[in-house]
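Read through the structures below before going on.
Two complexes are shown next, each including chain A; its partner changes from chain B in the first to chain C in the second.
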Partner chain A sequence: MPTEKDYQISPVVQESIAHNSRTLFNYQSLTASLFGVCAGILGLESYAGFLFYIIATLSTCFLFYALRVAPTSIPAGKAPLDTSRYFRGAFEFWTSGLSGGLAGFILTWTLFYGLVRA
Partner chain B sequence: MTWISKSTTFFGLVLLAHACYSAQEHSALQSFRTTSVVSPSSPGTTAVSLPIDISLETLVATAIICFGLALGTPPLRPIQWRVWAGKIEREGEEGFMNADGEVSRDYVGNPFKMLETRPGFVDIRRQRKEFAEWVRSSDERGEVQG
Partner chain C sequence: MAQIPVQTIHRDPQLFYWILLPITIVMVLTGILRHYATVMLATAPKKLDQKTMREQRWLMHGINLRGNYHVLSKRSFNTRRDALTAAFESGAYLKNPENRGQAPPNPLSDPSAMDGMMGMMKNQMAMIIPNTLIMSWINAFFSGYVIMKLPFPLTIKFKSMLQAGVATRDMDPRWMSSISWYFLCIFGLQSVFNFLLGSDNAASQMAQQMNQMGSQGTPQMFGPGVDPDKQFRAEAENLAVIEHYSVLDDVETRLLEGIRA
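What follows is the complex of A and B.
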């Protein structure tokens, strides 16, 4: 855990943190609604739907990492799956989408389940 | 690169709409069959699962849309101050384009601007010499013309 002294030695840019978090959050919200559509069409119910959501959200995290983080952070000398060049916490990066997009997921899930199986 | 992302997302959306329509038609057909055919031998056939091709189309469409959306996200910015400032020094405005090729609104420019324009760093003697030379040259020009 970095201390205040570490932040004074190597300061961070707050605007960049906000920009990166916003980018990730927008992407996660869009894909969460999309997974709701997919789960509704497939007709998933109860635990299967939530399991689908968790797996799909984690795989979009990997996709986002592979397309946006990895091409610049691995040449910069970071280890694979290390997001410290763009995000402050690794846990925040990998799991923030689960809570952020859940409401949109359930909304479109129930909507499309009802539409398809009317 | 933005048209690649947009066309990929659009293609995925078309696939997803087609899958949704197929699933809806399938369920409508199933309910029609179960109500029209009076066969006491098979009473509970309402819970027919989706055909495998519709399921596959839905999953593939979702993956394609996710890929397209991820391609369309704006590039991330380094959060460490020295990495961020080095990127600005090296790339300038080109490193801070958004997806449409415009410089983003919160681009602040050179982070060392405050240091480079500090009044204490102005070489006042050289500027005075340059000014004196300019005055002298304009005087000579004035004499030539007059």
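What follows is the complex of A and C.
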């Protein structure tokens, strides 16, 4: 756990962190809507749909990590799956998309389920 | 145990073209309209006169010094602190030095305070008017239709909310009427607006309410009704209690360790 002094020696720019989080949020809200379309077309119901959402969101998180974060953070000496080079908290990185995109997911899920199945 | 048969309702496919699609399009367009209305109604910040600007900038200077003292050496930090503390306590940078010690004016009688309130009023209006209009439009035209089925089961409590205007006792609460599609749109269209208008849009009222909740927690810094003299004194005290250290303290040992490793 880095102390306050470590942050002062190698500072983290707030604006860049905010920009990174916003990029991640945009990406996740867009993919959440698309997952809703998928779940609706597949005709998933209740638990299957939510499970699909959780798994799909986590895998997009992982893809985001593998394609955007890992190529520069692992050579910089960070452990694998450590996002602290670009993001504030690891927990926030892996789970923020779940709550942020849920409303969009339910909307498109209901819409396409209604159009295709019910 | 007997399997409960799944309720099926045969609905006219025209319901989709004449109810679902219009509501969705209207919601999206209202969001876009609200975004541009907010952009256009936003007033440019009023120009401050020199004295006010000086007061605010010196306060910011003190706050920045307090936040970033670790990049300064001990001597330069002490010089800055002494100068700032002396000036803050003597009130050299106040806008109205003769008003020291008096109670701040009533914020409601201050004309500059009215601008902020007008801005808030405009935002509220931009949210309330379209919502009321769309709600009454949907209630007038589309009440009583069952248009869709939710893909997940809900408890019976949701029945009165989702099936407003459909007085059927035995219907599964998963069936929803047009007004509940409207509510679903309110919550779920944020991602669509993110995609269409960029992430700092003003289209969704949910995001705006979140922002208002957040800003209520932090007190206004340069607002009306805040006594700048008191702010200066508090800042001088904050500066006085800082225990200074520099990031360059024992940098040579860190460098040597980095080389050895």
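To be clear about the criterion, the second predicted complex is superposed on the first by the 109 of 118 C-alpha atoms of A that agree within 3 Å, B and C clash if a C-alpha of one lies under 4 Å from a C-alpha of the other, contacts with A are read in each partner's own complex, and residues count from 1 in each chain.
Here, a contact is a pair of C-beta atoms (placed from the backbone, for glycine too) under 8 Å apart; a residue touches a chain by one contact, two chains touch by 3 or more.
Treat the numbers as computed from the prediction; the structure is a model and nothing was measured.
Aligning the shared chain A places chain B and chain C next to each other free of steric conflict.
In the superposed model, A:G89 makes contact with neither chain B nor chain C.
In the superposition on chain A, A:A103 makes contact with chain C only, while chain B stays out of contact range. Look at A:F35: by the touch rule set out above, it reaches chain B but stays clear of chain C.
In the overlay built on the shared chain, the residue A:Y113 is in contact with chain C alone; chain B does not reach it. When the shared chain is aligned, chain B comes close enough to touch A:L63, but chain C does not. When the shared chain is aligned, chain B comes close enough to touch A:V13, but chain C does not. Contacts of A:L44 after superposition on the shared chain: chain C is touched, whereas chain B is not. After the two structures are overlaid on chain A, the closest C-alpha atoms of chain B and chain C sit 9 Å apart. The intersection of chain A residues touching chain B with those touching chain C, taken from the two complexes, comprises 26, 30, 115, 117-118.
Residues of chain A touching chain B in their complex: 10-13, 15-17, 19-20, 23, 26-27, 30-31, 34-35, 37-38, 41-43, 56, 60, 63-64, 67-69, 72, 76, 85-88, 112, 115-118.
Here chain C touches chain A in the complex through residues 16, 20, 24, 70-71, 147-153, 184-185, 187-192, 194-195, 199, 247, 254, going by the rule given at the top. Of all the residues in chain B, the ones that touch chain A in their complex are 16, 19-20, 23-24, 27-28, 49-50, 54-55, 58-59, 61-62, 65-67, 69-71, 73-84, 106, 108.
Every residue of chain A that touches chain C in the complex is listed here, in rising order: 5, 8-9, 22, 25-26, 29-30, 32-33, 39-40, 44-47, 49-50, 101, 103-111, 113-115, 117-118.
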